[in-house]
Amino acid sequence: MLVVMKKGASPEQIAHVVERVQELGLTAIPLPGEERTAIGTFGVAAQDHADAVEALPGVERVVLVSRPFKLSSREVQPQDTLVRVGDVPIGGPDVAVMAGPCSVESREQTLGTARAVRDAGAVVLRGGAYKPSTSPYHFRGLGEPGLEILAEAKRATGLPVVTEVLAPADVERVALVADCLQIGARNMQNFALLDAVGETQSPVLLKRGLSATIEELLLAADYILARGNRNVMLCERGIRTFERYTRNTFDVNAIPLLKRLTHLPVVADPSHGTGKWYLVAPVALAAVAAGADALLIEVHPSPDHALKDGFQSLTFENFAALMRAAPAVAGAVNRRVASPAPVA
Amino acid sequence: MLVVMKKGASPEQIAHVVERVQELGLTAIPLPGEERTAIGTFGVAAQDHADAVEALPGVERVVLVSRPFKLSSREVQPQDTLVRVGDVPIGGPDVAVMAGPCSVESREQTLGTARAVRDAGAVVLRGGAYKPSTSPYHFRGLGEPGLEILAEAKRATGLPVVTEVLAPADVERVALVADCLQIGARNMQNFALLDAVGETQSPVLLKRGLSATIEELLLAADYILARGNRNVMLCERGIRTFERYTRNTFDVNAIPLLKRLTHLPVVADPSHGTGKWYLVAPVALAAVAAGADALLIEVHPSPDHALKDGFQSLTFENFAALMRAAPAVAGAVNRRVASPAPVA
Amino acid sequence: MLVVMKKGASPEQIAHVVERVQELGLTAIPLPGEERTAIGTFGVAAQDHADAVEALPGVERVVLVSRPFKLSSREVQPQDTLVRVGDVPIGGPDVAVMAGPCSVESREQTLGTARAVRDAGAVVLRGGAYKPSTSPYHFRGLGEPGLEILAEAKRATGLPVVTEVLAPADVERVALVADCLQIGARNMQNFALLDAVGETQSPVLLKRGLSATIEELLLAADYILARGNRNVMLCERGIRTFERYTRNTFDVNAIPLLKRLTHLPVVADPSHGTGKWYLVAPVALAAVAAGADALLIEVHPSPDHALKDGFQSLTFENFAALMRAAPAVAGAVNRRVASPAPVA
Amino acid sequence: MLVVMKKGASPEQIAHVVERVQELGLTAIPLPGEERTAIGTFGVAAQDHADAVEALPGVERVVLVSRPFKLSSREVQPQDTLVRVGDVPIGGPDVAVMAGPCSVESREQTLGTARAVRDAGAVVLRGGAYKPSTSPYHFRGLGEPGLEILAEAKRATGLPVVTEVLAPADVERVALVADCLQIGARNMQNFALLDAVGETQSPVLLKRGLSATIEELLLAADYILARGNRNVMLCERGIRTFERYTRNTFDVNAIPLLKRLTHLPVVADPSHGTGKWYLVAPVALAAVAAGADALLIEVHPSPDHALKDGFQSLTFENFAALMRAAPAVAGAVNRRVASPAPVA
């Protein structure tokens, strides 16, 4: 933290800032300049500290110099974290594809989709039993019966399952079935929920909030890591922008940026990241080219009959076409698309 | 919902859309035009429906024509809702001022502030015992001991209390002390929490999310209303924009717009809405001029020692100055600033 | 500018940064710390300098500590600038109201509106002869004949005129008629145009860009000031946000913030700032309460027949109602609404 | 355009809307419903029309159903437009790489860079003689001497040149040297400039504005096309978002979306689109995977000595590495990287 004093700030004001900084547990060193004095501080300062000091008399501006996230930082852990979803490693050399319906709607739809995505090469099944919905008048998921259908799909296909959890009280129940707990974008800063999944050892797929910065995403990851759960994956799923032809804007920059800032695996969700089925495949390939460790893709047997988000789901056929195209792009950046385990 | 078909869409495609719309429970009427066919639909369509239909073959575009929120709409209830926080009516002719510290830090700080804001004319005490924090390494509130301090401040001053609740499991406990439950901006779409406060009859102060639209705010209110709790107030507290000199951008347009769209009371929070103490008073007065039903103001005995958000808190003196200025502005728009109940 | 080196940056890397900073014309002082070295610099650094240094080997992050705008800053000129549009002073104790049609459409419409706004208390006439339009297929203004109509309206009413200029080549011609040149939001960073109006001594009304920060607005003002034209007024006219029920979001924070950062007068445009006629009056009053020096209001004899932006124009009657309400709000914040000069 | 009337709108109000719609040159057909009446219109309606009608008494909401851009639309021209920059075709099967310095700083820097990028495989030289700058105190380009240096670099390497034009008065002069005129992001809605380049037959590289939507970009292209210049290329160069670790957010969705909506070639600029040199290569590869027709890359012999934007420029070595990686990604999506013409 660097505190820049106003021109003509009095010695008393400078002394007051030094004192206040020390109360915050930091060391303060005044740096007199020709026009004005600056005060350097040492120790880990936070945005709240900076804001507090900026309110002091005589202060012109405060600038933070260190990054606030810690446990997720590559400075803390240089080597990549490998998260295992079932027996599928994510964050290593292979690019894993997770696919399935947005929502679990029925036994038939879920099992059919699970088999189709597995046959096409997916190694993890995704599907929502508890679904967030902007409107209280819409479908909010099947709940527990949905979890049972997912469990059956897992037994039938051998694919590990990722599914969303919406409330701290549901974590235990969902974790009985799920191989990976998903925290949705709207819950990225639901701190009670982050604490709750942090108390488990289940892998967590943490989605970036609709207008969250990368720094806020990493701080949310730190919540989970700080509770002792190190199995965290970060998911870029598009951010809100002014563009109206797409539902969200997939932030492809976030992929190489996150790989640089953090040791956690980075997952790309081009289904939510575009909101249009016809943009999913090109953006999925772009994500692989940019260095994503995994893809999360919505697939539905009959997208125009989906209860939720059908407009961004691929048909079985379109998903299979994407799976045929992905290996060449992965190969072009020296990765492989992860192969399904051989069927016993 | 109006479905616009592509030029040259086939009769089969049109028939398929009509059929699909009917499956969604809506009536569909094709409207052939010179260049292309449109299909009008009747019944309440949702964004999800529109998106689903847009994915059908031959469809160019779908436009929603009705607003998705209902219980909060003035079309459903034309007359204003009056919410009572303790015995303070909000949403009527008087403008109520709610004030107090961002966080409950100590008994002394809270009681001192409560007395000061009451003496200056506030009619509700605000203060947080459970605090959301972007970083896991920062102060997250005193928790239960904080609630006890709030209860004592309430007894000491007679002011009803508004305080935040962060998790469904805490609702019952917080409601024992609080006269009004606050849902913070980051939880505006925490649907499990909205459901939980909807099951109570406590007044709820629902804050607009950091990048939420007005429509999303009203849908979040509908979650609470739909569970049977009609005591909902909406709070404009600033939205995230590109501006960096302020913490948030207070959306003053939202005040008259909400008064037009909904019957629920509208509260303005210029403390979070600006993030700079020196902008709080002018923006508070602007909110009153624009028609706000209440103000929510952070006050701290020593803002530069606040554990959280001190940079946006008013001193006792600055708050008293604002309270001296507010009545003239309220009078200019034919309102009055609510008076405290006489001390027994 | 403060340069934060990476943990373990080598002495050579530090020396290289010091050398590079000095090449930029700044003084560099290394500040060794326990964990890492920082390098303080003195002299006026710019964002470009910061970005350049951030690319050097061993550098973790660079933070700018001084504000980049100068001539518009209150640090350079503490006392308020008073700009005279015709004989109307703007930036002094009185709040001036500028009103008129969005576009000059006809002699009759313009003269009728000019008389109506003058009778209701406006002291400056606004109206566009050259109009920017997002689409090439829409009305782009009458051009020169529009200027002649404005000249006639000025003679008929005695009101000075503010009108937009779109291209450097038009500046001279427009300045013959206009008492104040308007730079529209889409041209805020049209640097050739800023240079051109900076070469004149005409008052300039500089509108904030659709997604411009306050800092960028002040830098744009510096372009004009740096050419020698000190008669610059800044206009908040709403910024682009995610909200769809309003055309723009009027940034009321900007008013007291600009009054603090700069000595230039601040004008509020609630017509563009809301985009809905029914929000114009409450937001205009809010702007006055927040400290605006002037209002810019669109008025049309028959808004639903306007060729452009009728949906945000007030009728004569609604404008007169606003003018009746404004003095009380101005009075509540110790201002007056400027009175028209007595008719000779 | 569909006009939705309020519940209980009177027959007179409906008749007034019909009449007003007809005055706008459109056909209006009332569609009475159970709850309320809607009015369908036929003919090409614009946002301005919709806004105007929305202001009429009794109207609840107006929705536009057709897209406002025309000449750039695939509905108007289904087959791809091929633009030739010098003798390099853009928009065909090959992916063209345009590279060079952000700004022309000196003869030596420009010629050296031109040779280096040509040797590495670039087929077009980029470089700015006239540079926009947010601050009036920064480098704004060499101007005419810069153009002469570009002309020399073109003769020396045989590479055609793309360079920016900032003002209508400069178009003719710049077009004497440039094989392609660049319109920068800040000028995307500088309509006088769009008109001016539309009067030439020079290829135009039109950059998307900082917070422009795709629709606004296509309308800006329509300005140029409508003047008779059909040689327009669209450039995605990142949009402004809340993210602070990157300068802009490269909108990778825009690439396949534009390829679907328009026949014009789509160019990706990952240098501005990320603002960090270490993100340029992965995002460039992502753009190719998503379907870009060309890349625009900043290269500098010594990025940490660049006068402008060095932090986002690649060194010769890093550029060569990108050029070695690109062909495999292009091949993976059935494209080729365009080869330089053989040196005579």
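A, B, C and D are the chain letters, set down in written order, and residue numbers restart from 1 in every chain.
Definition applied: contacts are C-beta pairs under 8 Å (C-beta built on N, C-alpha and C of every residue); 3 or more make two chains touch, one makes a residue touch a chain.
Being a predicted model, the structure only gives us computed values, none of them experimental.
Taken together, chain A and chain B share the touching chains C, D. The interface holding more C-beta pairs in contact, when A-C is weighed against A-D, is A-D. With each centre defined as the average position of its C-alpha atoms, the distance from chain A to chain C rounds to 39 Å. A straight line joining the Cα centres of chain C and chain D is 27 Å long.
Rounded to whole angstrom units, the spacing between the C-alpha centres of chain A and chain D is 30. Looking at chain A, residues 211, 240, 242 sit in touch with two or more other chains. Contact residues on chain C toward chain A in their complex (touch as defined above): 2, 4, 7, 29, 31, 33-34, 38, 40, 42, 61, 63-67, 75, 240, 242.
Interface residues of chain D facing chain A in the complex, by the touch rule stated above, are 211-215, 238-239, 241-246, 249-257, 260-261, 273-274, 276, 278-279, 282-283, 285-291, 325, 328-329, 331-333.
Within the complex formed with chain D, the chain C residues making contact are 20, 23, 44, 46-48, 51-56, 68-70, 132-140, 166-169, 186-187, 189-192, 210-211, 216, 219, 222-223, 226, 240, 247, 275, 277, 303-306, 308-312.
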